[in-house]
Amino acid sequence: MPLLSVERLTKSFGGLTAVSNVNMYIDKGELIGLIGPNGAGKTTLFNLLTGVYTPTTGSIKLDLNGNIKELGGIKPYDVTASGLARTFQNIRLFKDLTVLDNIRIAMHKNIGYKMPSALFRSNKFYEEEDRLKIEAEKLMDIFSLTHKKNELAKNLPYGEQRHLEIVRAMATKPVLLLLDEPAAGMNPNETAELTKTIAKIRKEFDLTVLLIEHDMSLVMKICERIYVLNYGMMIASGLPQEVRSNKKVIESYLGEDLSDASNKKS
Amino acid sequence: MKKLLSLLIASTLIIGSLTACSGGQDKPSTGNGDAKEVKIGINYELTGDVASYGNASVDGILMAFDEINAAGGINGMQIVPVKIDNKSDSAEATSVATRLMTQEGVVASLGPATSGNFMATIPVAMGSKIPVISASATADKGVTTDDKGNVNDFVFRLCFNDSFQGVTMANFASGNLSAKKAVIIKDNSSDYGKGLAENFRATFEAAGGTIVAEEGYVGKDKDFNAILTKIKGQEFDVIFIPGYYQEAGLIIKQARDLGIKAPVLGADGFDSPVLLELAGPEALNDVYFSNHYSSLDQDPKVQDFIAAYKAKNNVDPNAFNALGYDLGQYIADAIKRANSTDPVAIKDALADTKGFAGVTGTFDMGEDHNPIKSAVVIGLENGVQKTSVKVDPK
Amino acid sequence: MEQFLQQMVNGISLGSIYALIALGYTMVYGIIKLINFAHGDVYMIGAYIGFAATTFAKLGFFPALIIAMLASAALGILIEKVAYKPLRNSTKIAVLITAIGMSFLLEYVMMFFVGAEVRSYPKVLSDASFNLGNVVINMQQIYIVVTAIVLMIILQYIINKTKIGKAMRAVSADKDAAQLMGIQVDTTISFTFAIGSALAGAGGVLVGIYYNSIDPLMGMMPGLKAFVAAVFGGIGSIPGAMIGGLSIGIMETLVSGYGNSMYRDAFVFAILIVILIIKPAGILGKNTKEKV
Amino acid sequence: MRVLSKKNIITLLLIVAVFAVVQVLISVKIINSFYEITLATICINIILAVSLNLVTGFTGQFSLGHAGFMSIGAYVCALISMNTDSTLGFIFGILAGAVAAAIVGVIIGIPTLRLKGDYLAIATLGMAEIIRVLFLNMEITNGAAGLSGIPRNTNWTWLFIFLMATIILINNFIRSSHGRACISIREDEIAAESMGVNTTKYKVMAFALGAFFAGIAGGLYASYFYFIKPNVFGFMKSVDVLVIVVLGGLGSISGSVIAAILLAVLTTFLQQFTEIRMIIYALLLVAIMLFRPQGLLGTKEITDMFKSNKNTEKIE
């Protein structure tokens, strides 16, 4: 069984069906792209996977070494605890907190002391806080954010904010990382940097990644398989080159030549 | 970091307390001094929920002080009132009392107007050995005596307690009006309403009557139609409204509008010209309430006070004004008799009062620091006092 | 049955007053998302202006009502300009504290000038009552209900059919976008305050006449209850405020009439909490979920 | 025990020193009984403000019902210590009151904390009103007449102990993983949930902890001021506390401490302006919000200011 299998997933808001009967799977270790034009339902699908929305029908199953868990309809923090972590399309950092605190908050679920220890500062509290700090610094090292650990998140440059979102998601120790338009608003240099980063974390943390992109250059370049969503329906899936030549996909992108589209920067 | 935090807390605490201190370096000069003036504290509800009672009482007190000062003061000393607002808050009343006694050097403190706030000042008075007197704290327990029944030496009041008025009106209902069934509509947000209601119920039931309904409202309510409609469907002979004129006036008006004709009974909380303004003359028939005095009383003291108050304020006085006025006279009288500004001597003079003739009646101060005075039950006809029945204390 | 009908009459007239105040609350909240705690005090000031107009200037009901509404509208604009406008980009809680401060200010300035004692209105409207069966209806109750309904209809018309109404809806939906579309946001907000405050002023005069009793702290509890009514009906919705006001009035009456009058306020607040939990947007409000 | 680090021991010594200094000032009557009352008011208000700050300032949950929790603590403590008039009875009463308040906090928090912003504020206001009406109608609380003759088993020592306990424990909480989880809810609830923070749990935890300390403040109040009645714990009391928190800065413990002291000094000072004190108070409130809407310290602690100075020095 794949790591994540989505079956007949549907979400309607009142009369509007935002995601309709979607099937997909992700195997362990893969890097999957999810593309589609604006308003195709990509973010809704993400929100369903991460527990922000409750599915109308359908199921989302996570298989952790044979231990199968249904994710549909459970709370976002339970989804995160099960091993999914995400970033947001419009950055949602804890703006008025430091880089270090942003990361430490994401490590919260792995903390090894209880409230009384916190109130009365037991030895366990100090040990765990030390461990947390070391782990956080390790993560910051990887993303070369260490020198900014006491900066407020809102004071970081845009590209670093995007990076920090990924680091923060990594801090929850996920098995599957969901990135929502990580390259949005980035210049080519920053995008190239990001591409490297994604490759690096995959290798270092043995991670599975699902990536949403509106624009396809990044996706085509690094993804192993691609799903294409339009009007809430999965219209195509397969290897990048298969998707690229798929008629439905081309139509959904208004007949644009996809090689053109992939050169454009949004 | 934590160190600095606590250092800061520490220093601000100290600075805070020191700045508070620096404000009051003027020495508390309890009494004596150069004997040209005597400071009397006024600790009243001038803002907040019950500001109208506090302000009315202070009006009366200051009127008395002005008269006394104009007439040459007490044994040649001018009275200097030290007026501080307690925001209708009991903790603030404690703080104000402490300030008056330790800071301002008053020889006695008047008020607060309501029982709860007055009670909050009692431990301060007992500790500082400076008398406190209220003209309107009516609660039975915990005012002039503590919970074990011992008299609080430095605490006095000029008004009836709740049980006297509650009992008086219950007896009036079952005796004079031959009522068998009564409805109580009480001010559930004041200790006054609660105390009166309890005593009325006990006495009325002991006399063989039944309370068919007990309803409640909270101060500043304006719409009583719901509870009145509810009781309209029941049979009863009288309505007892333990509460103040501000709501009682509206209750009476709305009751009469709904066609409820039963006699309405109340206590000294009814005594205000505002009652007539709110209810209108047509509604104020068959309304009886216990009070300290009646405006029908031809005693020149009463008539002079009413005339003087009216000349000054352009309205008739209410019970708080009259009681406040007497309170001012009473403390001045005690200081005069003590011939001293020593609070303990004043306390003794207060306790040893015989035949003090005030607007609100002539009284002796009882052993338990409650005045021994008779009440009058006033009957209204078209809003005007028409009858008065004197009720002596047992 | 008669008693029930009588209670409904009581409830509707009480509810109409809550509705009048709630209308102003809901408009202001709808447009700048502020619980305008000073709103209840504008209602109080309106009552005093009406009092002055009828008592000292010896004016009749309608002139007094108009004067009170105009003066309240001016006061509303003034409060908005002085206290709320400079804080438009501050945190919600700072604005709320300012609103509470304004509320104290109005209450205690009035208390300073007119004293804490209650005042009563001269009789400017007939208080004759007539009987329908055994149900007593007071003419003044009819005035109140009719005034509330008429004002609500006028308001509904202004909001839905006029240009300024359209501007109000636009600003309420998205202030920045409205600005970009050439709507004068400041003027629109001022106008909203003016209308809301005028309604509160009208409420004050009606209450003064109906209950014949006004005092400087009279706005506190009705202000809170009216806000409850606005939330109950669905904040930002004009018919919602009307329904909310009537519902709260009727509920209070029924609790006093058939339950225990001492738990009346507790019951109202309990209902509010239950409504908020099961339908947070109120009866007629729209549920909006934050976009992720 | 790492809690006994050198830094913490110095802190402790400083705290003891402050206590001793004030104690000496009290015993030589430089702080007379009037200032002692002001001091008590300050201590109680700080406890209230710091505990509300945990809920509103740090966790971002807007509460207008803090007086409700205070009243639970006050009544429970008053009733217990009236029946067992001893220091032990008092301590037990305070703790029982605090626990009762915390339990009510959990019961009320679970359903209402799903609400946001103004709606939560109104719901908590309603809840405090309900508590007040219950106390007004209960036999054991003596209704509107209130409870009088509550033995005064508290003094500067106890006030200071509870004050310091509150500040230190809440400070410890804020600076733990649990506290950071609460802060993340204030910053961005959706992001916090997605980072694995069980938002409901931490909101309720902050609410209950806030209620617990409000209960302690209530117990101290009842014990210090001899007398309590339901009307003391009305809407105005909640507003007073909120004003302290906002004035000091949402999310700043030292801000709450400073604001509580400033306001107490101001109130004391204004007592002599009987007729216009509330007008001045209201004007100040509006003026402060107009000129400094983020409060005196914003989200900073006073210690942060020293720290940032030091940092810049190093860089230079």
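Going in written order, the chains are labelled A, B, C and D, and every chain counts its residues from 1.
Methods note: contacts are C-beta pairs under 8 Å (C-beta built on N, C-alpha and C of every residue); 3 or more make two chains touch, one makes a residue touch a chain.
Everything numeric here is computed off the predicted structure, so don't read it as measured data.
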{"item": "Chain labels contacting chain A and also chain C", "value": "D"}
{"item": "Chain C reached from chain B - shortest hop count over touching chains", "value": "1"}
{"item": "Contact-richer chain pair (by C-beta pairs counted) among C-D and B-D", "value": "B-D"}
{"item": "Most widely separated chain from chain B, with each centre as the mean of CA atoms", "value": "A"}
{"item": "Distance between the centres, which are taken as Cα means, of chain D and chain C, whole angstrom", "value": "33"}
{"item": "Cα-centroid distance, chain B relative to chain D, in whole angstrom", "value": "34"}
{"item": "Distance from the mean Cα position of chain B to that of chain A, given in whole angstrom", "value": "71"}
{"item": "Whole-Å gap separating chain A and chain D, where each centre is the average of the chain's CA atoms", "value": "41"}
{"item": "Set of chain B residues in contact with two or more other chains", "value": "46-47, 49, 188"}
{"item": "Residues within chain D bordering two or more other chains", "value": "136-137, 190, 275, 278"}
{"item": "Junction residues of chain A, two or more chains touched", "value": "52, 88"}
{"item": "Residues of chain C that touch chain B when the two form their complex", "value": "3, 6-7, 10-11, 13-14, 108, 111, 115-120, 123, 127, 129, 136, 138, 207, 211-213, 215, 217-218, 220-221, 252-258, 261-262, 265"}
{"item": "Of all residues in chain D, those that touch chain A in their complex", "value": "1-3, 169, 172-173, 176-181, 183-184, 187-188, 190-199, 205, 299"}
{"item": "Sites on chain D touched by chain C in the complex", "value": "56, 62, 111-112, 114-115, 117-119, 121-123, 125-127, 129-130, 133-134, 136-137, 190, 235, 239, 242-243, 246, 250, 275-276, 278-279, 281-283, 285-286, 289-290, 293-294"}
{"item": "Complex interface listing, chain D residues touching chain B", "value": "7-8, 10-11, 14-15, 17-18, 21-22, 25, 30-35, 37-39, 41-42, 136-137, 143-146, 148-149, 152, 167, 171, 221, 225-229, 231-232, 253-254, 257-258, 261-262, 264-265, 268-269, 271-272, 274-275, 277-278, 301-303, 306-307"}
{"item": "Complex contact set, residues of chain C against chain D", "value": "29, 33, 35, 83, 86-87, 90-98, 100-105, 107-109, 111-112, 220, 224, 227-228, 231, 262-263, 265-266, 269-270, 272-273, 276-277, 280, 290, 292"}
